[in-house]
Structures are given as C-alpha cells and as structure tokens.
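Only one structure is covered here, and it is reproduced in the block below.
We just call them A, B, C, D, E, F and G in the order they show up, numbering each chain from 1.
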Amino acid sequence: MLTVVLAPFVSALVAPWLVRRLGRWASYSLALVPGAIFVWAVLRLDSFAAGASQVIPWVPGLDVALAFRLDGLSGLFVLLISGIGTLVVLYAGGYLAGHAMLGRFFVFLMLFMGAMLGLVLADDVIALFVFWELTSLASYLLVGFQSEKPEARRAALQALLITGTGGLALLAGLILAALAGGSWRLSDLIVAGEAIRGHGLYLPAMVLIMLGSFTKSAQWPFHSWLPGAMQAPTPVSAYLHSATMVKAGVYLLARLDPAFGGTAAWTTTLLVIGGITMLAGLMLALLETDLKLILAWTTVSALGALVFLIGPATEEGARAAVAFLLTHALYKGALFMAAGNVDHEAGTRDLRNLSGLIRAMPITFAATAVSSASMAGIPLSLGWVSKAITKAAAIEAGGFLPLSVITFATLLLVAIAGMVAIEPFLGQKSEAAHEAHEAPPSMLTGPVALASLSLLFGLFPDLVSDAVLAPAASAVAGSPLAVEAKVIKPFDWTLGLTFVAFAAGAALYVLWQRRAERWRDRLDPVLSRGPDAGYDRALAGLARLASWQTRLWQPGLLHRYTAATFSVIVLVTAAALFRGDLRLAFPVDRVRLIEVVVLALTGAAAIVAALATTRLLAVTALGMVGIGVALIFMLFGAPDLAITQFMVETLVVVLLALVLVRLPGFRLSAAADRPRALHAAIAGATGLLVIVLLLGVLAEPFDPRLSEWFARASVPEAFGHNIVNVILVDFRAIDTLGEIIVVFAAALAGLAAIAARAARKDAR
Amino acid sequence: MTELLVDLLLIVLILAGAGFALVAAIGIWRLPDSLMRMHASSKAGTLGGSLLLLAVAIWVGELDVVARALAGVGFLLFTTPIASHLIARATYLLGVPRWEGQVRDDLEGRYDLSARVCRAPARTVESATPSPAKAD
Amino acid sequence: MSSLILRAGTRLLAPMMLLFSVFLLWRGHNLPGGGFIGGLVATSAIALQGIAFGPASMRRTLVFAPATIAGAGVLIATFAALPAALAGLPFFTGLWLKLDLGDGAVLPLSTPLLFDIGVYFTVIGGVCALIAALEEEPALEDQDMGG
Amino acid sequence: MNRTVGLFAINLLLMLAWCAAFGSFSLWAMGTGFVAGFGALWLTRTLWVGGEPAYFRKTVRFLAFTLFYAKALLQSSIQIARQVLSPRLLAHPGVIAVPLAAERDVEIAALANLITLTPGTLALDVSEDRSTLYVHAMFLDDPEAALADIKGNFEARLLGFLR
Amino acid sequence: MIGGWLAAFVLIAPMVSAGATTLAHATPRLQARLSLVGAFVLLAVSVALLVVVLRDGMVVLQSGNWAAPFGITFAVDNLGAVMTVIAAITGAACLTFGLGETGEAERRAWFHPLSHVLLVGVCGAFLTGDLFNLYVWFEVMLIASFGLMTVGGTKAQIDGAVKYVALNLVATLIFLLAIALIYGLTGTLNFADIARSVPAVSNVGLLTAAATLLMAAFGMKAAVFPLFFWLPAAYHTPLVSVSAVFAGLLTKVGVYALIRAFTLLFTHDPEWTHTLLLWVAGLTMVTGVLGAAAQSEMRRILSWHIISQIGYMVMGLALATPLGLIGSVFYLVHHIIVKANLFLIAGVAARLTGSMELKRIGGLYRSAPWLGVLFFIPAFSLAGFPPLSGFWAKLVLVRAALEIGSWWIAAAALVTGLLTIYSMTKIWAEAFWKPHPAGEAAARPLAEAPAAMLAPIAALAAGTVVIGLFAQPFYVVAEGAAQQLLDPASYIAAVLGGAR
Amino acid sequence: MSGVVTFTIWIAWVMISAAFAIGLARLVKGPHLPDRIVALDMLALTCIAAACLMVLSSGVAAYLDFALVMALVSFLSTVAFARYVEWVALRRARQAKPPPLEQADD
Amino acid sequence: MELPLVLLIGLLTAVATWLMLSRNLIRLLLGFAVLGNAVNLSIFVAGRLTRDAPPLVPLDAETIAGAFANPLPQALVLTAIVIGFGLLAFALVLAWVAYERLGTVRTDEMRVAEPPEEKT
C-alpha cells in the first residue's frame, strides 16, 4: 500500500519532466499511475471485507507509523480516487493542452492524488492528518492555479484557511481521540468505541473532529470556500469537488462513526448541520447561473446529505451513505467534466448565454443528461437506487422530518437537473453555441465513462452492491452489513412521495425559468451577508486587530519600549518576591566617615547627572560617579577594580569628548521628556526593587567556599599572589577571553558603524 | 625617638597635604573666575597630593613603595601644569568672561580662531606701556 | 591640538605611560595590574598622543592597524590556551616555565602571562581603533577641523 | 649632554655595586650607594679627558633647583591658601606676555610647567612663533617685577640646568 | 579528553577565524576564503562533538584543569551539542550566502570577523556550564550583532540598530543583576553548583525573584512577550545574511538559556516560574503572529513570526513534561534552519524583484519557479504543515499540552499555526503568484541570483525536508536531550563528580 | 602608628571629605565649561589624596597604585575636555551670530 | 556597612532608569553607564564586603592570613566593567552615526525602521 500511496508522489516529481519530453502524451503516461492503482484495487475487491493492513514505522518515538489499512470504506474511496483520477488526468491533458504550466498542474494533481490515497488508506491518526493537510495544500495550489487572477488567489486562500482551521481542530481532536482511545491506530480506536464515548475527552474530541470534517466537507457554515474554489481549472473541480477532497471530511466521519457515533450529540449535530447544508446548497444552486457554480452548490448539498446520512449511525444510514457516495462521485465527476467541455468549447459557462448546444455537442449532452438523471434520482440511474436506500435510512432515522427533508431535496434536485441538462443544450442556439464544437476525445472519455457507469450500476446495482458497497457500509457501521440494492421496488407511499417530488421539481424548473432573475436580485443583499461575506469580515477584522495590537506593542518609540520593559520586569520580579517570606538585612555597623562621604558624593553626582540640562554637566557628573565608584572599590579592598574603573572612566571621557562634540545639545529636548511623573515612578520603583533584592540577599548566609579555595590555591597551584588577576588569567580565563573578544568586536562594530556613516546610500 | 620624629613628620605631611587639598577646593569655590580657580587647583591641589604621597613614602618606607610614591609626585608635577594650560586655553577660546578685577590682559584677542593659533603680541612687553589698572 | 606645551609634555609622558603600562602588565600576576590595566594605561598614552599630534601620529606609533593589533591579541590569548593540549591537559591549563637566571632570580614565563599579553594587545588595539577612527572622521560641519 | 648621561649611568652602576656589596637593595642602601658613587666620581673628576664634566655641576644645580622648586611650590600654595582663606579678595590678576629666551620645545614646556607651579603665576599658552609665553598672574601689582621674576628666577635657572 | 578538546575547538575555531579574517582584512580574497573555511571547520568540529556526545554521553570540560565549581566548566549535553551544530550550519549557510550578497563596502565594514565573533558568542553560550561565563558569551554575541546590524548602513538600519542596542543594553544589565543576586544567594556560579545549592536557600521568595529576573533577561534576548520590542524594530533592516543569522540563532540563544535555567537551575517554584512561562508562551505566540499579520514587508512578517515561534519553544519548556521539552528542542532545531532560510529566500526574492515590500513585487511564480519550491518548503514547515519539520515540532507540543490538559495553550498553538499559514500564503500570493506590478520583465529569473546565495538555501530546504520525512533520528536526539534536561542530578554528578 | 597619627588621619579625612563636597558643588555650579573642568581636575587630585590616606589608614600599600595611575592618567580627561571646548569654541566662532555662552556646553 | 552602599545602588539604579527612559539617546547612554555602575556594585556587594584587605597574598606567603575581600566578585566586576566599556564605546559611536544619518539624537524622531503611519 505504501507503493500505492507513493506512486503518485513520485509521478508528481517527474511530471514536469514528462510534460517537457512527451508533450501531449504526458497525460497518457501519467494516467497509467492511477489506472494501475485502480486495477490494483479492483483486484483486491475480495479482501475489502476482511481488510488488509501494512505498518511501516515512521517516528516510533511518537508512535507514529505509516500504517495503512484497506477495507470496504477505504477501498471504495481508492476506487473513486484512482478511477476518476485516471479520467481526470486524461481529461486535463486535453483541457489544458498547450498550457505553459501543464507540468506544474500535473505536479499538483498527482500530489493531490497521492495525498488523498494516503488519507483514505491511513490507519494511523497522525498519518491520516499528514495526508489530510497535504490535500489542503495541493488543493490550495490547484485552486490558485490561475494565479494571475486575484479571485483565484482569494479563493485559494479562503479554501486553505477554512480547511486549515478545520485541520488544526482536527489535529487536536485526533490527539484527544487517541488519548481517549489509548491508541494511535484508527483500527484500534474504532474497536474501542465504547471506551472513547465514555471518556471525558469524548465531547471535545468529537467537536474538534467534526469541525475538521465540516470545514473540509464544506458544511454550513464553512461551505463558502467551495464555490469559490471553482476558480480552479475544470479538471480540478471535477476531481476535488466530486470524488475526493471534499469527501475527506465525510470519509473521516464515516470512518470514525463506529467509535464516535450513536450518541445524541453526534447524531443531532450531524443531522442538523447536514440537513441545513443539504437544503441550503440546493437553494443556492437554484440562484446561480454559472454552470460550475450550480454544480458546486449541489456538491455542497450532496456533502450535507452524506453527513446527514452518517448522523444517525444506523445500519441503513451506513448503507445509504456509501451508496450515495458512489452515486454522487460518478454523476458529479461527469457533470463537472461536461460543464468543462461546454466552457472550453462555447467559451462561457453562464446559463443565460447558453442554449441549443445539443447539435454541436451531442456526446457531452448525453453524458450530462444521464448524470443529471442520476443526480435527480430518476429511475434506471444509479441515483434511483441510492435514493431508495436513502429513504429507507431516513425512515429508520426517525420518520417524518428526515423523510420530508430528503423529499424536498429531491424536488430541488430535479429542478437543478433541468437547469444543468436542459438549459444549455436544448432550445434555440445561442450565440455561443454557434461557435461550439464537440470536445476532443480526451475530454469525452471521462464524462462518458462516468455517465455510463451511472447508467450501468443503475441498471445492475448488484455489480457494486456486494463487492463494493457492502464492505464499505460494514466499515461505516462497524459491523458486517449486506447492501440490498434493487432497481425495482414494491410501490408504497414513499415511492409515491418520490414521484410527487419529481413532478413538483419539474414544475419548479418550469416556473423558475421565468422567476429566477427576480429572485436572484431580491436575494442578493441577503446572500451577500452570508458566510462568504463573513469570511471577508473575519479577515478584515483580523487585519484590524492585528494592526491595532501591533501599533499598541510596537509604536516605534524607543522610550515606550524602555518604559514597558522596565515596568514589566519590576512588576513581575516584585510579585515573585511574595512567593516566600521576605527577610531583609540592614547591615550598618561601624560606618567610616570617608565611606559616607564617598557614597553621598557619588549619589549626589548621580542626581546631578540625572537632572543636568547641559550635557557637559551630565558628563562631568557622570565622571564623578565613576570616580566615586572607583573609590568605593578601593575602600572595600579592590585596588585592581578601582584602577580599572578609573581607567575606563578616563577613556570614556576621551570617547565622549570625541563624540559629544559632533552631537546636538540637551536643551532642545530635555523639556520634552514627558511623561515625567510616570517615568519618575518607574525609576523609583526600579531603584526600590534593587534595594529590596540586595537587602534580601544580604540577609542570607554567604557561602565563601569559592573565595577561600581561590585564596588557598592561588599561590601554590597558579603561582600568582594577586588572586583577582589569577582568577582573570587562569581560574576563569575563559571569561577574560570572552571579554577581550568583546573589546575586539566592539572596535570592529564601531568601525562598521562609522563605515555606515560613510555609506550614505539610502536603499530603504 | 626616630619613631616620634617620623610620626611628627607624618602628622605635618598629612595635615598639610589634606589641608592644601581643602584649600584647593575652597579656592575653586571662592575665587571669582576660572583662571583664578585654576591657580588654586593646580598649586594647592598638586601640593596636597604630593605631600600625602610623601607621607605614604615615609610611612611605608619600603623601596618599591617609596619609588612609586616619588614617581607619583613626579607624575603630578608633570601633568598638572599641562592640564591647567589647556583649561586656560579653553577659557580664552570660549571667551569666558574674566573677573572684573583683572588688571591687564595681554592675551586678549591674541587667539586667532580661524587659524587655530595663539599669536605673539604685536609689540614686545618690554616696550609696551602697561595698561592702566582697572581695579583699586 | 596644536598646543606646544601639550605636545612637549606628551613627548615625555607618552613613553612614560607606555613603560608604566608594561610594568603594570608584568607585575599584574602578583600585585594590582595585569593585562587590562596595563592595556588601558597604554591606550591612554596612545590616546594622548592622538589628541596632541593627531591620529596619523597615533597610527605611526602603533605600527600595525589597531584592529590588526586587537585581532592579534585575541589570537595570542587563544593560543595561550592551546599548549595544554601538547601536555595532555584540558583546555586553558596553565603551563609554567620558570627560567632560573641564577642567583635565586627566577623569570617565570607562563601561558597565563602569554594570555595576559594577549589581553594587553587586544585592549590597546581595540580601544585605539575606535579613538583613531573617531579622530579621523571629522564631524560634518567641521570637515576642516579634524586632527 | 651625552657625557652627562654616561656619567649618570656610571653613577647608577656604582650604586648597584654598592648595593650588591652590602647584599641589600633597600632604599637606604641605594641612597647611600648613589651618594657614595657620586662622591667617588667627583673625586676622580680630573681623570676625564676634555675638562671637568658638566655632570657634577648639573647635578648640583639640579639639586639646588629641586629645592628651590619645592620651596616655590610651597610658597605659592601658602600664598593661595592665604588668598583663599582670607575674607577679602587680595588679588590683582592679569595676563602678561613674557618674551622667551628658551627655544626648544622641552625648554619652553618645562618653563611653563615651572611657572604654573610657582607663586601667583600660571602659564596660559605659548604664541605660535614661540616668542612669547603668556602668563596669568594672581598678584599683578607690578607687571614689570613679575616679568623680571619669571625671566630671572625661573627661566635662567632652568636653562642653566638644562643647557 | 577528546570530547573536552572538541568542545574547546568549537570555541577556538570561530575565534581563530575572527582573528585571522581581521589580519587578512587587507586581502579580500584571502579573507573570504579564510572566513568560509573557518565556518566549515566549525561545522566539522561541532558535528564531531555531537557525535561524541551522542556516543559517550555528556562531555564535561573543566577548563584550566580546575575542578568545578572553581574554574569554568563547559558541560555539553545533547541539547548543547545539537544547538552548536545548528549554529554552525546556520553560520556556514549565511556566510556562504554573504559571499554572494556582500560587496566590498560590507567586507570593509568587517562583515567576516564580526560574523565569526557572533559564532564565538553563540557557541560559547551553548557550551558553557557557568552563569557568568554565559553572560560573557551573551555579550560577545551582542556586540558582534551590534556591528553586523550596521553593516551596510542604510538609514533604517541605523534606526533599527539604535533600538536594538538600547534595549539589549537593558537586557544585559538585568542579566548581570540577576547574576549578582544568584551569586549572593548561592555563593557560586557554576550551573551544577547553583542547582545543588538552590534547595538550601531558605528565602524562597528572593530566590524566585532572582529567577524571575533571570527569566526577564533571557526573555528579552529570546524576544518573548512583552519584552520583544527590539526585534520587530530591527530585524528587517540589516543585510539579509546578517538578519538570517539573527533570525535563526540569536533569539534561540535566549530560549536555550531559558531552558537551561528552568530545567537545571530553578525548579524550586514551578508554580510561579513555569506558570509564568506558560502565559508568556501563549501571549508571545499570539501577539507575534498577529504582528506578522499586520505587516506587508517580507522580513517584517518573518521577524514577527520569530516572536510567535519563540512562544512555541517556551511553551514546551513551561509544560515541563518530557514531551514538552522534546517539543521545545525539536522546535529550536527546526526553527533555526527554517527561519534562517526564509530570510535568505526573502533576500533572493528581493534581489530578483527589487523589493521586500509585498505591494511592490510579484511574478516569481513564473520567473523563478524553483525559488517557489525553495520558499514553499520552509514557509509551510514554519506553518507546521506536514510532513515538514515544523509539523513534528508542533505535533509534539500540542500533544504535550493536551496530555496534561493545558487546553488553552494548545488552542493558542493551533491558532498561531493557522495565522502562520495566513502570513506565509500572503508572501506566496503576493511575491510569487501575483504578477509583478511593474510588468512581467520586472521579476528576474532565478539564474540571476549568485550561486553562493542559492546553495545555502537549497541545503537548508533539503535539511527541512529531511527532518520532516525522517524525523525519528532527530526525535531520538531531542528525546535524549529532554531526558537529560529532566535529570539535573546526572548533570550535577557529571560536572561536580570530580570536585576537589 | 601612634594614636595621634591616627587622629591626624581622621582629621585629614574630614578635610578631604569637605574638599570632595566643595569640588562637587563647583562642578554643579559651573557656570562655564572651564569651571567644570577645573572642578573635575581638582576632584581627581583629591582622589589621589584620598588614596594616599587610604594607604595610611589601612596599611595596604596596594592602594598607592591607584594613586599612581591617577596621577599619571587623570589629566587625560582634562585634555580631552579641553579639546572638546576648543572644538565648541571653533564652531561658535564660525557662526554668524554665536549663541550665548551659557549654551556653549549645551 | 552594606546598607548605605545598597541605598546608593538603589539611587544609582533609579537615576539610571530615569535617564534611560529619556527620548534623548545621549541621556539614555549616560543612563546605561550609571546603571552599569549600579549593577557592578551589586555584584560587588552580593559577594559581601570586607574593608582594607585586598585579595593579595603577601609576596612571601602561600596564602592570606585573616579576612580578605572576596576576590571572585572583583574579577567578575572587572570583566563586567570592561564589557560595559566596550558596549558603551560602540553605543556612543552609534549615537553619532545615528545623528549624522538621521539628523537627530531624539529617539522619538527616529522613525525610519518603523515609520509612524504604518497600516496594512
């Protein structure tokens, strides 16, 4: 399975090279990869029910492995991903023939395919997440493929941010789930459902995982990115938005259903969100005129339906979910590709400009018609079969409300099917239709193949029900299930309801033809305040918050920075003092006159330096402080220090005299140093804190081990009588080494600064 | 006896040294202009420091200490006048006003700032008539 | 500064200070002094010369570029830490060579002393580099006032 | 001058020999050694080719000069002290220009230093052509007398010792 | 013995390079060669040291043969050795880049010696086992960074340097004051000895205050909330190779010091210190990433992200669990490589398009696609995208937080990750996707950037991918480091074992 | 050392202390740059005296080294200040309308 | 005897902080110098004070008899003084360069790196 997952990645790496070498044949060679995977999966259909796994250690320290598991659910997805993937690669070869960035396109597409395969096959929580994020990344690049268009860039970012948000929630949710379930293997978690549902982390984990799934699967209110993602080239839409990426969320919910499902929280949330999404998607689809957008909204709706079906965690629900999954993938893939053909050949996707294409594009029309029928659930299509299972599920889930939701959805779908299949193709030839031709074979293979499958499976559901749907449903339900898919069912009242819905849908389509425009105008102000606008507002709000807080922290004024720094440090340190009983010492015994004088003098000089309004006074006062400190060192037995201090003080004066003369005076600015009171308070507090800290230190006994040892060892072991010097050049010579490097580097740094003065080039 | 003499000498040196240091301080406080203050600082200050250095030399009496103390005196005698000269020069360059009791100033106006030099007087002092005393 | 008195005084004081700085360096291991203090005093001497005679004279005295001297000082100090390797001792272990000059006089040569010499040169080179550079760079409005 | 230095070196050598002989390098030993060496050299002064060396004269003048100098410094400090401590200002300060006989830098600087440390006077600056030393005097009751004092007392003595 | 000398040579190598490049200042080619050779020698030596540490355990060097705590001890554990290697990698990469970026003016402004001095300081800080010695290396690092900050000499640089210098001067003195207090309380400076003495100090509040002061000092260096002001003010101004070293290394030295201090020295009052750290971590992450969101210039965005990611590193430390520390260590390693690289890439992007300002550039997606690849890797690694290096770091930290129920910090970490994506995609969309506002020709092809600038970028990106795909060995090293950090007793025994 | 000497030293301390205080006062009062420089110069001399007194009162000869270094080096700051003043003066001189003297050191 | 010194340290710290909060770069740097002195004294006092007994072993002895000043803080402070000097020296040069390039020593007028009207 690792090979299966890696193959698309590897082909992604060589794709640009292939495109350069093989030109239009590149798509055929690339299509071999998903094709082979499809064959591989078909050959393993038998093992779907039993499940097969492979574990390759990745980061054992974190218990993360490339664990893969092929069972019914993942098998179904692998089939869809690789099967539709093959068609899409071929389709893209035609659609983007001659495009300058075709190589790059295939890189992203294959990357996406690999990620998606990895996602559905992963049996490791973290591996799943890795692939999950990779799908977001690949879709970001694909949606933004036409990067010169601002809308494409916006859509790509929106998709990434929304799914990214969900992804982060998902990560947390998955970790919590793993912690609750005690394992990092999905297969273990599924078995440990009871433990998880009883765990304190269940609810947060569930909410977070749902958040991830909902964003990825474009559930209300996170759906807005999906229509936007129509900025992507059509093959991408076909691929991402039919078969795969958007279904990742559904996949995850289905996958975790055995572990998380069955609780009221789970069921209610999924039913509500799924239901809203389903209906809202359909109604919004009605309001669109862009073929791709209509399809996108129906995708949103379908995803809602899937979530809706998974919600109840019943056996029928599982059956219905997988059946609808397959159905939707087939018809939606075909419809997107067909819409792409229309766009490609007629030059527009706007329904208002499209009409009468049937002559020019008969094959495309046929594929569209069949797929639309499947979408609407018309008998003899796969949609009809799955609709039946769905209704059963709805009834099982609790009767009236779910059933009426489903029925209403059917009604709307019929109307939409009409818009998609009838409007562009039938009627009078529009201007665009005159120019149109049928698409090349590479672009017809996909829609035709998928439409044929919709038809084929609609007629012979047994082809898939046992081999594919049953194992998948079992995986979703967590227990072995059979799927009974019948084309002809005994007539009962639900069937009647369906036909009523069909009729109402047809009526709606006819009525809507005339009224749609007015409704669009009327609803526009309402819709413009929907989640899409919410996304914009959120981003704008983020920008405002960001720039507000940045101006707050980073006003560009050094004195604010220093004030904040001192305040914070003083406050936090002072607070820390209260972590224990503070004892202070006040050692004042036997003070000598000269000590008092020197201390007083130094303090006075310091105050003078602070209050000085002319800089020479400040500097001379500072010099006095330095001399005072030198005297203090001398008074307490530190001649080396005193000399050093004095020498340094002298050289500082030399430097100051050299520098100050080139600078403007104090007087201009001294008065402007407000806020004085605040600054004085900060300064006073800092001084006080230092006093308290030092008096506290002095209250503690001092451990003289080191100095005693230095005194003992200095002469016999280091051959020096000046202990300070011995420490400097021997005991702690490394300090001194660092120190001279400071002096050395200070010189170089100063020279660098002086060179900067000479530079005078103002690039920025 | 020697000890007493040494002590006596020490006492004199210390008191005189510290005394002159104090005089220097009072001098720079009391005297009315910069140049006059410099008299106090350079003469009394130097003497004060030197006397105390001598006191140290005598009191310790070891060769290296005496040598260093005498070197210190030498350094002081050598450096202080240079410092005074430079301050005086600064006073003139800046044009700091002198005490009104000043009786004569041959240097006034002799600094040529643009050429950064101090010119000799136009006439030699011998032939000059002293300017009339302004004070007294 | 073009003061005759300062220049004459500097002629005598600068060498005196340099000599004194070597004295401080040498005896630092046993009495107040050492590489830093010695280096700082030597720097003062050269700075004095720089003020009295201008930076060019300062550079002539130093012979090498000040930054080079500082760099060499760092290298000397670093290399003082290395001979220990030859003796199979850890980094920075002091090695002592007490040359007997006869008559009880001993000339103690050691890696700590070498290290202190490195310190001495680094201080001189580093500080003088800055002072010389500042002396040489006149302020904008004083282009003709340097030196 | 060279001979002076040479003789001084010999004197130092004699001093060291003296110390070695006594096995002591104490201050007393060195002081007595120097004096003894000086005496020995003086006794043998006639042995030097080219006349009696200036060393002895200069040494004596130097000693005399040092004493004079110390006395002057003391005097000047006392004078300052009197001025400073007296309730009333007695000073008649002023600046006079002193024409210089000294020519070399060292001579001029030494003279300036001397003047600064001696009573009532303070060397301010030397004119660029080295012809004039400006001196600040604290008690300039009689400028000519002050001038004469500087020229006669200090410059002459100093040059006598230096030249 | 060999380990000890290796540790010494980690210090000696850049020192000699600094000295030698100074002496060779008059001969440009020789200087550049010496500089480069020096950087790679340092790399070799530090790798050797890491190998020895991983093989034989902690390397303890009692310098001058004076037993701890009397001399200065270099104590190199996994963390120290790894950090040294990373520092050497960054140094080599940025110096190589510098060869392409700098001209004669920069070279004359002592770019090479100062860079090596910076490495001396950084390596010294990672190796030393002595508090005051750490201060010294901090200063070495600081003064070199002051100089490097001004190399190039634009007005913005000078302005940035003023703020950078002023605030770092404050940090320096705060650090020194903390040392004074700690020395006064424990009577010693050796890390191990302090750790041993801390329990004996009876005045807990004072000890905690000293520890807090130390935290503030290191926090300033690390640019944590609310002490980070200097970083956004300055980091976008210097040469690209300089800002890349700064971005990669300097703040991380602060983080390293925080880790050292609050695993080894001060674990006496975690209720205060580590809670404080946790709050600091969260606020740092969020304010940093919001700051980035407000910027529109590449290096400013990246600079604010430094802050935000410092929050992650501190977070792991604050959690104080094995997993948390593993996360911190992993994050440190990953971030240095990634962030340095992003600065370098920004430099190349600016060279190709003419500006760092996103509004004024674009078109790189078409003109320099490989730069896009090179940008994507570190950018999305920074955002914690799998399977790049940053993902593992983030995963470990989030997991560590969730394991002990620190919900809000986990949430902060995740939200920060999201906003990081926002910023990275902003750069991507504006610089790469968007057409250049001055027309297509305004974005130059990648071939116009010197190879010396591209090679380090590619190498660092490769490193990012390797860490991401083959995380296990790196995890093991981080795990070893965390184990050592959580076992101060072993550290103490290793350092003081032979005390006289 | 006899008690009288000790007492003398104490007296000397008092005098030196007074000298310090007065020197600082002049430093603050100025009013012109040269006055401040004179004051600083005087304070340095007083420090030398204090160092000598330290030797006398403590018996530690090492303090003499401090006095020695100061005696040799302290005039350097005066030199530097004087040069600073020279620069200020030159700049004032070349201004068409020199600012009042009080602002020369501003 | 430590108390007065500690009080002085507190005063110096307060003065230094006051100066460092100034908008004038020169004052800020003077503040740094003063704070450096205060911190150095803190290290010194933290090692406890001993009067008149420098840590010099008599030339004829192996070790010091009786009390002696703690040599370690002295070595540390010496190092700190020199480092502080290096930093200050650089900072002064920088202040000058900043004035020449930016035309001011007022930090609130230095708005090149972080211009005032900074909005996205």
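To be clear about the criterion, a residue touches a chain if its C-beta (ideal position, glycine included) is under 8 Å from a C-beta of that chain, and two chains touch if they have at least 3 such contacts.
Since we're looking at a predicted model, the values are computed, not measured.
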Joint neighbours of chain G and chain F, given as chain labels: A, C
Of C-D and A-F, whichever chain pair has more C-beta contact pairs: A-F
Farthest chain (mean CA position) relative to chain A: D
Most central chain, judged by mean C-alpha position against the global CA mean: E
Rounded Å distance, chain C centre to chain F centre (Cα mean): 26
Whole-Å gap between the CA centroids of chain C and chain E: 35
Length of the line joining the C-alpha centres of chain B and chain D, rounded to whole Å: 16
Inter-centroid spacing, chain C versus chain A (mean Cα positions, whole Å): 60
Contacts with 2+ other chains: residues of chain D: 112-113, 123, 125-126, 128
Multi-partner residues of chain B (each touching 2 or more other chains): 19, 24, 26, 38, 40, 46, 62, 75, 78-82, 85-86, 88-89, 116-117
Multi-chain contact sites of chain C, meaning residues that touch two or more partners: 1-3, 5-6, 9, 12-13, 16, 30-33, 36-37, 41, 44, 47, 51, 67, 70-71, 74, 78, 81, 92, 94, 123, 126-127, 130, 134, 139-140, 142
All touching chain pairs, where touch follows the definition stated at the start: A-C, A-E, A-F, A-G, B-C, B-D, B-F, C-D, C-E, C-F, C-G, E-G, F-G
Contact footprint of chain C on chain B as seen in their complex: 75, 78-79, 81-82, 85-86, 89, 116-117
Interfacial residue positions of chain C with respect to chain B in the complex: 1-3, 5-6, 9, 12-13, 16
Sites on chain C touched by chain F in the complex: 1, 6, 13, 16-17, 20, 24, 31-33, 37, 41, 44, 47-48, 51-52, 141-142, 145
Contacting residues of chain C [partner chain G, same complex]: 30-32, 36, 123, 126-127, 130, 134, 139-140
Sites on chain G touched by chain F in the complex: 51-54, 56
